[in-house]
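Okay, so chain A shows up in both of these, paired with chain B first and chain C after.
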Partner chain A sequence: MCKIGIPRGMLFYDYYPLWAEFFEELGAKVVVSPKSNKEILNSGVLSCVDECCLPVKVFHGHVDYLKDKVDYIFIPKIISIRKMEYCCPKILGLPDMVKFSIEDLPPIIDTNINLRKNSYTSSKYKKAVYEAGKCVIKNSSKIRNAYKKAEESYQRYLYLLSKGVIPIEAIKMYNKTFVDLNYNSKKHDMSIMVVGHPYNIYDEYLNMNIISKLINKGIKVMTPEMVNKDEIIYYSAQLPKRMFWTYGRRIVGSAFSLIERDEVDGIIYLSSFGCGIDSILIDLIERKAKNKGIPFTLLTLDEQTGEAGIDTRVEAFIDMMKWRDKDDFNISTLR
Partner chain B sequence: MILTFPHLGNVYIAGKAFLEELGQEVVPPPRCSSRTLEIGTKYSPENICLPFKVNIGNYIESIEKGADTILITGSCGPCRFGYYSVLEQNILWDLGYEVDMIVFDPISEGLDQLKEGLSKALNINSYKDVIKAGKLGWKLIQKADYLTQLSNEKRAYAIDSYEVDAIMEEYYKNIENTFGAEKMLKLMDEVEYSLKNIPIDKSKNPIRIGIVGEIYTIIEPFVNLEVEKKLGHMGVYVEKSLTPTKWVKHHVTSFPFGSKEENMKYQLAKPYLSTLVGGHGRETVGSAVYYAKQGFDGVIQLLPLNCMPEIVAKSILPQVQKDCNIPIMTLVLDEMTGEAGYLTRLEAFVDLLMRRREERKVGELLFGC
Partner chain C sequence: MENYYLGVDVGSVSTNLVLIDDENNILCKKYLRTQGKPIEILKEGLKELKEEIGDVNILGAGSTGSGRYLADLIIGADIVKNEITSHAISSLNFIPDVQTIIEIGGQDSKIIIIRDGIVVDFAMNTVCAAGTGSFLDRQAYRLGIPIEDFGRMALKSNNPVRIAGRCAVFAESDMIHKQQLGHNQEDIVWGLCQALVRNYLNNVGKGKDIKGPVMFQGGVAANMGIKRAFESQLGLEVFIPEYFDVMGAVGVAMLARNEVKKKKFSNFKGLEIADVDYKVRGIECNGCANACEIVEICGDNKILARYGDKCGKWSNIKNENTKLA
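After this line comes the complex of A and B, so read on.
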């Protein structure tokens, strides 16, 4: 049986159910690299160019871990997933970067997915799906059926996200039946939006478990993936210029929508050092939050980040917000 | 309405003359200096790339000289340059500068918008005038690039390379007091004449280095710490993979097919990078292969810190280096770059290339291979 490796990094948190179900349906065995840990980070830092951002380095580590254990590694080249929009340039070049940075790799399935001018129903996309599946089985009708089934479980996953389940949890349980969906939002006195790219906010090693730390403090955590798609589109259209990054649109749109609708008490932006897209988004969101008087803090992650420092900053941020609620009556001082 | 625009190497010469031909008042920003960068760094977001910071410095220095409308080109991804205009506008407004910003986005974003911007900026009476001025501007861009390239070449061959610097310095000073395209062209002819008359040593066989990388850092001499000049004085012949002429050829005069040269570079890059990565990432890889094929001795890649497309290119270049057997050095630039360290690295690189050439020659003598 053919073994396909999926590295746990970059777009994993968006598409894992789709990819895994697809390959399993075709009869392949899917091997996922373990959660990021020190060894993976170190091997990634060693093999990747220095200037890269942390998630890309960690991704290299995951590929390095998988390379001797599988027959193929699946790193699709996702250029565009929405009309007239792009992904980050590093995602565009990800398979090429990996190919030339790590030696002795098994064949990489680097299907081009470019929907800049096409839609999901176009023949170009169907061809891309076939491309991805043909390494396992060369039967187009089987591939089509497998994709259909994968799509269904992907929809279940999306449904869970829309109900406020954090993707880390949703990945574990999208296939089970369960009762209590809103366990995250029960009894809380404060809600904080943790905003950033999915590979930063859902990789528990990189961000030192920030989401579970917040939940343990009795805080409701919101992430961009939980905001309704239509709202994201509506609020991101407020920008003076069309946002041409799909992930940038999701981040800005979701943050704007929660700020405007007054659903969050504070925003924590998790960014990785050297992220080009974030350098723009942070400025846009911070400006908006400032206008509306919502506390905003920025945590920058890199391979040198210490857990204690992050904890202190998060605690200080929460304390400030609590004091603000208790002592400040939101009456402006007379001048 | 007093127009200004950010600096991009010698483009301001053509830009200024083009707008003046159309009867607009123009204040080109003062040449980039450490003050420009200081202002820019102070007001820009911390993580943004270097060109943005220099742009902000340019604007503020021009506004101080009286400009009230800024012209820039736009783009729509995937490089972050496309969002410059929004951030820059916000920053300038926050600082209390009441300036207009006219952005020329690509045609795919809507022709009307582009037309509106153009008529607002250029004060168009008849399209005939614009085409006439545009032709003159195009001529000036080509000529200015030609002069820069000529000076680079002369520096490598000249007996006293500092003579070239003296002529070029004089030329840049005179530009500021020259108005209109005709006079500008005349000035350029004079400079060309005196450059050609510099005594040269034809027996020299200089080391040849190709410069690849991000367009802004290649073209703007302040940002790349005058890499051409520095290499020129070491007796190196320098060629740049991107110039304003090449950009205009690719994006304007041969729209929508793209210029021959760039398409050839895409082909060369194909085995390494088959799709776009934004910015000039693909061109960087293609140009490195191109220079290797042209028999250059080495390649230098320039990139501003955390430039996304160039990082992708950088991780691919080691493979090009191996396959094409050409040394490639990457220089990362930001506001903290120290000149001495930079110079040392350039010197070491040139030494290495000279040594390599010698070894090859000696190898031929000894082993006949």
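After this line comes the complex of A and C, so read on.
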């Protein structure tokens, strides 16, 4: 049986259910690299070009882990997934970077996905789907059916996210039956939005488990993936200039939406050191949060593994929020 | 006998201990260099404390600083609090209407914005050490000036040399160039102070609404040159509290007092712990690909704690018979 490797990094947290179901439906075996760990980080840092951001380096590590274990590695070249928008340059160049940085790779399925001028129903996209599937089986009707099934799984995944399930959990359960989820109504003292690129906020190794740390303190965690699509479009359109990065739009739109609708008590931005897109997004969100009197803090991730730095900042942030909460009346005089 | 409360601040550069009473008077303070040996230095501090004050009633203890969890293991703290909150608490006690706290320590620098007695915003330096005490330490070493004379020297200058402060590495090469051009040392030192302050305000203080009264604390506050640089760049008077170097410890001692009064008992193990023999061992676990670095702390051959693992394999075991590796 044909084995397809999917590295657990970059767009994994957005599309895993779609990709995995698609290849499995075609009859391939899907192999996913394990959660990021020290070994993967080290091999990624060694093989990747020096100037890259941490998640790209880790992605290299995941590919390196998979390379001897599978027949193909799936790294689509996702250029654009929405009209007039682009993905981050590192995502555009991901398959090429990997190919030239890591030796002895199995063939890479680097399907071009460019929907800058087309939609999901266009023949161009259908062709891309066929391109991805043909390595497993050269049968267009089977590929079409597999994609349809995969799309259903993907919709179930998106539904879970909209119900407030964190992607790490949702990836485990999208295929199981679920009745009532009500994640949003669980008891909590305060809610914090953890915002940033999915590969920063859901990689538990890189961010030293920040989401579980917050949940264990009785805090409800919100992430951009839980915010309704239409809300994101509506609030990101408030920017004076169009945001042409898909992820930038999602991050800014979701944060603006939660701030404006008063659904969060604080915002923690997780950014990887050296991210160009983040440098703009952080400022946009920080200004908005300040305007509305919502506490904001930035955590920069790089290769550090000592947790003291992150813990101190998170603890101080929560202390500050509680302190402000207690003296609610004083805040209005502030800004 | 008077009642006292102990505050311990284990930082990367200094380990500070203070004893306060019910009226926030400071009975005694210890400022020691951590030198990468937090446990030994902490024990030394406790021993010195014991010798100096003799037998007093210590009702509670608190720990703060980046080594606060370690300190908690050793002394048995009633409260373990992060540095930001501790600093804010103690500053508010000295100047109740303080609006901005600038704290510059060895490895990190912070800004805390307070309005109406509440922390409303704070920031710490990110992955860069350019705006911190170790930057000055390093440059002083480079210039061959003892760090203690640094501030006094800076005050003598009237004509500062501009030095790039964005990055400690670039600053060093910039400084060497200026030296080779023949600038005198006072002007270079004053330029360095300004570079640190400029970098601090652009990095940590970026976008923060800095209003007076401004308080300046942390080890670097001993440096009058930095105080002068802050005052000239902010256009505000900068206050340095009497116990500027142990403010974190004072804050956590105050918090410990509240905590003990609330819960009516204390976990504090007493100053006798200075005589306990602590051993620390570290190994790299090879159970999985994470290769976690495990630390084990023993006191008098009893395992006090193990930590550093991600899975709980080591931190959950408290049994003495299970030896490390």
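Before moving on, here are some points about what is shown:
The working rule: the second predicted complex is superposed on the first by the 322 of 335 C-alpha atoms of A that agree within 3 Å, B and C clash if a C-alpha of one lies under 4 Å from a C-alpha of the other, contacts with A are read in each partner's own complex, and residues count from 1 in each chain.
Here is the rule we use: a contact is a pair of C-beta atoms (placed from the backbone, for glycine too) under 8 Å apart; a residue touches a chain by one contact, two chains touch by 3 or more.
Only a predicted model underlies this, so the values are computations on that prediction, with no experimental measurement involved.
Once the two complexes are overlaid through chain A, chain B and chain C fit side by side, free of any clash as defined at the top of the document. In the superposition on chain A, A:Ala308 makes contact with chain C only, not with chain B. Residue contacts after overlaying the shared chain place A:Asp230 against neither chain B nor chain C.
Judged by the touch definition given at the top, the superposed model places A:Pro34 against chain C, while chain B stays out of reach.
Looking at the shared chain after the overlay, A:Asp96 reaches chain B, while chain C stays out of its contact range. When both complexes are overlaid on chain A, the residue A:Trp245 reaches chain B alone and has no touch with chain C.
If you count the residues of chain A touched by chain B and by chain C, you find the higher number for B. Taking the C-alpha centre of chain A as the apex, the lines running to the C-alpha centres of chain B and chain C meet at 80 degrees, rounded to a multiple of 10. Once you line the two complexes up on chain A, you'll see the smallest CA to CA distance from chain B to chain C is 5 Å. Residues 273 of chain A are contacted both by chain B in one complex and by chain C in the other.
Only residues 48-49, 51-53, 77, 79, 84-90, 92-93, 96-97, 100-101, 112, 114, 239-242, 244-245, 271, 273-280, 282-284, 287 of chain A touch chain B when the two sit together in their complex. Here chain C touches chain A in the complex through residues 66-67, 81-85, 108, 115-124, 126-127, 207, 288-292, going by the rule given at the top. Contact residues of chain A toward chain C in the complex are 34, 37-40, 205, 273, 286, 290, 295, 297-298, 300, 302, 304, 308-309, 311-313, 315-317, 319-320, 323-324, 327, 330-331, 333-334. The touching residues of chain B, counted against chain A in their complex, run 45-49, 74, 76-80, 82-83, 85-87, 89-90, 109, 272-279, 281, 303, 305-309, 311-316, 318-319, 332.
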